[in-house]
């Protein structure tokens, strides 16, 4: 894929040029790699003009920088979100049954939130899809038994399948509702280990309608190509927020178009800016510039079409780029 | 939702400005409310330049104006469509079994059509979704028994669930086919008590392929975000018509874009103008102006792109705004 | 449909004008039919500036020209793809069981590929939908028994239903992988005997993830309105290619828009030009001109938006119109 096709993505072409421009070099891979080695990541991160980073440190496990190392390397204020599945995998071995496992996870989430985490993130989309039916208790118990035995024996475990992942998601959603922190849910496209047919945010409906989740705030991440569906959810359920994050760099011009489509139903107060960037400062830089331009383009079209005034569009830009997240994650 | 987010919808912003312009006041809520109180609804309705209203009086039950009161208040010719579920709920108590219930509903629909109703409308999308499988007779019987007992005991009943709602829909579709009146089907987005995952018009396929529905005309209402799917149905099945109604005011610029997308596959002769407006004359006014502009914009782009001639676009506008409905509902 | 509505398709209007321009006559049906009768098909086919045709001769059975007759009539180099279901129906009568039937089909495919066929095409979308679950062996056996008996008795057979069609598709996919030829899969919209709800390319996921299909190349045909989903598959799975073929003439301007949307995630190296044209040279001509213009339009927008350089866009055009197919089908 990388050898034969990645270079033929529109997103690759634009990214290469943006990075080259930021580094002041020619827009080819060799020149970029050479120039990049002479620049600190923090220098590029400053160019993203990011006021505050909300970070999920749960992706790469021990191989990643710790939050402290990251905060030292990048001089931008940082807050954490807790990756639900990473925590939950850590308690599989020490928990005797599903109930105690879920309680241990919830306790840990609560402790992390008390310690400053501003939200919880779930990647159930990858592990089980997002069609939230009521998990069958006998499947939950048997799946748990198998993973518990593996973990207790010191073998690596990977939490997956609807019975456990959806039980966990529902429990965490209730915890988030009572803790008052948003639950981030990966929706829509991503890496190939996810079945795109199963990850429409419409499958999350229970979270928005059942009384046990009253007050829950959910941030739907990425959403593409289900962004119109996500925007619908944001338009009818008070707790639903959304972003286009990965879609803006990856789907290039069509990610930008999707942002304009989402603004059809999604209240401006519920659309969030996000990069989905990871590992490399230049990825943040590309996402940050493309996302701002996509937003400016979409809002500019609304002004041209007399849908919004210029003043409303300026305020909308500020809301999407910062204020909505500050309010949602209670950052002030 | 209303306090925190509705004001941040693009649709809200444009609606406020359109109403203010029609009322000749400042575009803020207070000024609009004050100015609105000095104006008759009929005055605003005249500004919509509507030649004839097709109305569903079955929504609010006894709390709404009667057709006669409405006709007296608004000086625009009016025709009724029959809301299927409202009628069907009224016969639950007096019917001993499903067969007699369906027969009673069909008789009533027939009587209403003889009395001047021009179509039948179903909101099965809200009550059961639109994935029309063959209802299981035992579920149909048990659901009916429960609702019948409730209704016979004088308690309020709400018809819902696939067994009864789909049985009713299929029966009504056959009746519409033989009566020669269109069946309007709410598809796509709407209020939050509907699961958007279940309301693609593609689920209605049986209505278009089974011999018992031969000749049936179906008007797919709203459709968004399934409007490309609806347009496909309109392109291959002679009896399928569609509108974007609620999408045009609610999804603002993206509703307008959706109208352009629908014109990809939907024959111009099968696209209908509709407002989904209710209760307030100013909602009709906003929908009427935005819908006309969306149509003009979409057709204008087709002319600019040399897809249609200017003359064809003018005829297309007339077809969509009036002639298609006149032919479909046999209004002349 | 044809009498009342086809003439109201945007696609019909533009097609009529394009054909009339090519024939040098007025753009009305009578003039076009009259002028068309004076022109050889080959003359029109030359105007499509097609370098090589990849043809599926399996559609119309004995009523169609043979490959040899076609090659004699149209002076453009031609290669064949094998229509899987047509071949498979031919072996139903002579095969005693499913295993021998699948083996016979695979042998025939292999022989055809040795004889010069450059790919295999499946229309499972029409016969069974594309949600590829593991076929239930007992259903496979009973369906086979029924069709085998019909065929052995000399009665006409139509292969359909998930058990047989998906067994066949999976077997053929494995054969294509080992033969090194692409499998073309009809996805998305088409004729009304297909249920559009069942033909998203996302249902094909097994073909891209299971080891037995390693190395398989799949060309997703048409895709609309699932083209963003198809583009996603092309972006994460090395073997996935796509085209918009039927969408470009049929969905008119929205087919062109869909092509631009697909270029969001689909690597330019994986997007293919195709017409889905059949029977009439003028259909090829319309599709060829509209497809080139759609591509030019989409790439032009990318240049205007600074997503691609002009040089990259020119190369992209060449890739999509010819080079990608030459590489995928190993035509050089």
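Read from first to last, the chains carry the letters A, B and C; within each, the first residue is number 1.
Keep in mind that, in the parts below, a contact is a pair of C-beta atoms (placed from the backbone, for glycine too) under 8 Å apart; a residue touches a chain by one contact, two chains touch by 3 or more.
All figures in this text were calculated on a predicted structure; none of them were measured in a lab.
By the residue-number overlap criterion, the interface of subunit A with subunit C counts as different, with under half of its numbers used by both chains. When the CA atoms of subunit B are superposed on subunit C, the rotation angle comes to 120 degrees (nearest 5). Inter-chain centre distance (subunit A to subunit C, centres taken as mean C-alpha positions): 37 Å. Subunit A has no residue in contact with two or more other chains. Subunit A meets subunit B in the complex at residues 200, 202-203, 205, 208-209, 228-229, 232-233, 235-238, 260-265, 267-270, 301-302, 305-309, 312, 319. Subunit C meets subunit B in the complex at residues 1, 4-6, 8-10, 13-14, 189, 191-192, 195-197, 224-225, 250-255, 257.
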